[in-house]
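What follows is a structure written as structure tokens; I'll ask about it next.
Chain nomenclature is as follows: A, B and C, assigned in order of appearance, with residue numbering initiated at 1 for each chain independently.
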Amino acid sequence: MIIVKDLSVDRLDKKIFEKVNLSLTSGNITILKGKNGSGKTTLLKAILNIIEPSFGSIYWKGKLLKKNLYDFYNHVTYISDKTSSLKKLTLKDNINIWKRFFCSNINNSQIETALKTLKLENYLNQKVGTLSLGETKKLEFLRLIIENKSVWILDEPLSNLDESSIELMKQTFEDHCAQEGSIIFSSHQNPGIYVTEEVNL
Amino acid sequence: MKFFNKILFFYYREYKLNISGFQDILTNIIFFFVSIFIFIFSVGPNKETISVIGVAIVWTLLLLSSTLSLKKFYQDDFENGNLLIIHLNGFSYGFIAILKTFSHFLFVQIPFLLSIPIACILLNIESDKLMYLLVSFGIGSLTLSCLGSISSSMNLMNQRNFLLGSVIVMIFSVPIIIFSVGIINMEENFNSLINILFGILLIVFAINPWASGLCLKLSLENN
Amino acid sequence: MKFLVNPSKFNKIADYVFKPLLILSIILFALGLLFSFYLSPDDYQQGSTVRIMYVHVPSAWLALLTYAIMTLYSIAGLAFRIPFGFIINTAVAPIGAVFTLICIISGSLWGKPMWGTWWVWDARLTSVAILFIIYLIIIFMNLSFENRIVREKVVAIFVLVGSINLPIVKFSVDWWNTLHQPATISKLSKPSIDPSMMIPLIIMTFAFIMVGLAIAILRIKIEIISRKSNLI
């Protein structure tokens, strides 16, 4: 579905990466590997058309991504390495806001089971600011289920997670791929997740 | 239909955020009233002087206190990545700027609009002038919101001095101040001055999505 | 005309032109000062103070012209993606600020004997003061952003937004009844200024332009060099 051809990005006349090729079809997992500062986040942002590449092109469903931007955005969930849940509000409010804002057709029982598997069901009336780093990270992943879109773009999804949560993520990734979804994520360590394509930056 | 739902729930989100931080808005209004007190103490409690310069005081302090909350305009959403998520949810940068401008108008400027009558009682402004003041502030505050959107989106990546944003708003609000204070002092010219104010509003409103959208794009690109 | 948009060609032409420009500006300044102090008549109303005009008017023109140039180059930089536009923007802003400051100071020196005050809140004076503050904001913006790409584009956007002030400065004397006198020199109609005063004014204007150009060339070269070596 996504094809990236000869993508290069420059910043202040300094090359960040050069001639990256990757293709993502449904049911595939692609991992971006590289050292710190090798441009993993930049590549993800370039795929999302937030950063303009200096050279190369990106295609979505056979058309140029720029011509087809909002259709692409309708099919993609991006989770950055920042905490995007609102710290002043409770978990419940956050979930409600996301659910309505993304016009999702997920019912409450599905969200409850997701909360239970993420072990967050006891914190529902707490403010997000009181949660620990790993718990806020897990809360971010709830957005994947709420948005219910086919392409997942994840920036460092496995950092700050304990081992049982990583197992859970593996399971989630496999389930998503079984449903014809596709995932592209970046990682600086070896995750031990089965991937179909590996891009080294 | 889905698009209108998204807009609706964008405002639901802004409402929730602003309700949780309601003490900030209240602090703004308290700042407004305290500075009115200080103005009166420094001028002296002479009734005639106060009723002459009262409208000008109200307008100046409204401008000052509405620039106080500029830092929150985009900064929070920018830093926790929500701006990006809103964009990925199908709103272009310019449209986000328009939505945010109206949200600033609704949740920051409208409370000021409601506190103007109390300020008028404190400053001995006649009640027939109150209507003019409210109308001019209604138009002027939307203009101020647009200017605030432009200046705070310009200063998103400016870590060193954010005060520049307030200066930008104040320098461009000079014509608004001139004409809206003029409305109260020249009542026979009411319609023509309102038209001028409205014209300024339309100009700034047309510039706003272009300028702030471009600045938002730049800041997100280089963050 | 490619040197107007291309840094390396600009460098070549600038090297060629800089020294003659400096000499010419010194000659013109000497000539202009001679004319404006000794070879021009006193005004029948204002007496000798009219000689302030020979500094005041050229600096005011150049303050506006500098901003107009910055506006044009901002459009070039943003719309046509010519990076030289941003270089000009950062290099030229302080020059415009200095011209505006000269204009304001000489104007208030002129205003004290003529109008009786240093400063009046009339439309022309206020809009020029705002122009000065806009220049200052541009300079401060150039100093306070860390990221160069964001900085130059944001400054260009600000220059474009601030260019609303230009027609207000120019036409403020026509639109409002002000204490400041309306323009006495314009292209469209016959100027209402005597030729004996016109000559020193024109010489001084050219002298100001030459000095401004010389400083601008130096500043632009510094900007190009520091960009090449990634100092900023």
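Quick notes on this structure:
The definition used in the following text is that a contact is a pair of C-beta atoms (placed from the backbone, for glycine too) under 8 Å apart; a residue touches a chain by one contact, two chains touch by 3 or more.
Quantities reported herein were computed from a predicted structural model and do not represent experimental measurements.
The chain pair with more C-beta contacts between its two chains, of A-C and A-B, is A-B. Here B is the chain whose Cα centre lies closest to the centre of all protein Cα atoms. Chain B and chain C, compared by their mean Cα positions, are separated by 33 Å.
If each chain is reduced to the centroid of its CA atoms, chain A and chain C end up 52 Å from each other. Rounded to a whole number, the gap between the C-alpha centres of chain A and chain B is 36 angstrom. Residue positions 222 of chain B each touch two or more of the other chains. Within chain C, contacts with two or more other chains are made by residues 149.
The set of chain A residues that touch two or more partner chains comprises 11.
Against chain C, the residues of chain A that register as touching in their complex are 11-13.
Within the complex formed with chain A, the residues of chain C that make contact are 148-149, 230.
Within the complex formed with chain B, the residues of chain C that make contact are 78, 126, 130, 133-134, 137, 140-141, 143-147, 149-151, 153-154, 157-158, 160-161, 164.
Residues 2, 5-6, 9-10, 12-13, 16-17, 20-21, 79-82, 84-85, 87-90, 220-222 of chain B are the ones touching chain A in the complex.
Chain contact summary for the complex, chain B toward chain C: residues 150, 154, 157-161, 164, 167-168, 171-172, 174, 203, 207, 211, 214-215, 218-219, 222.
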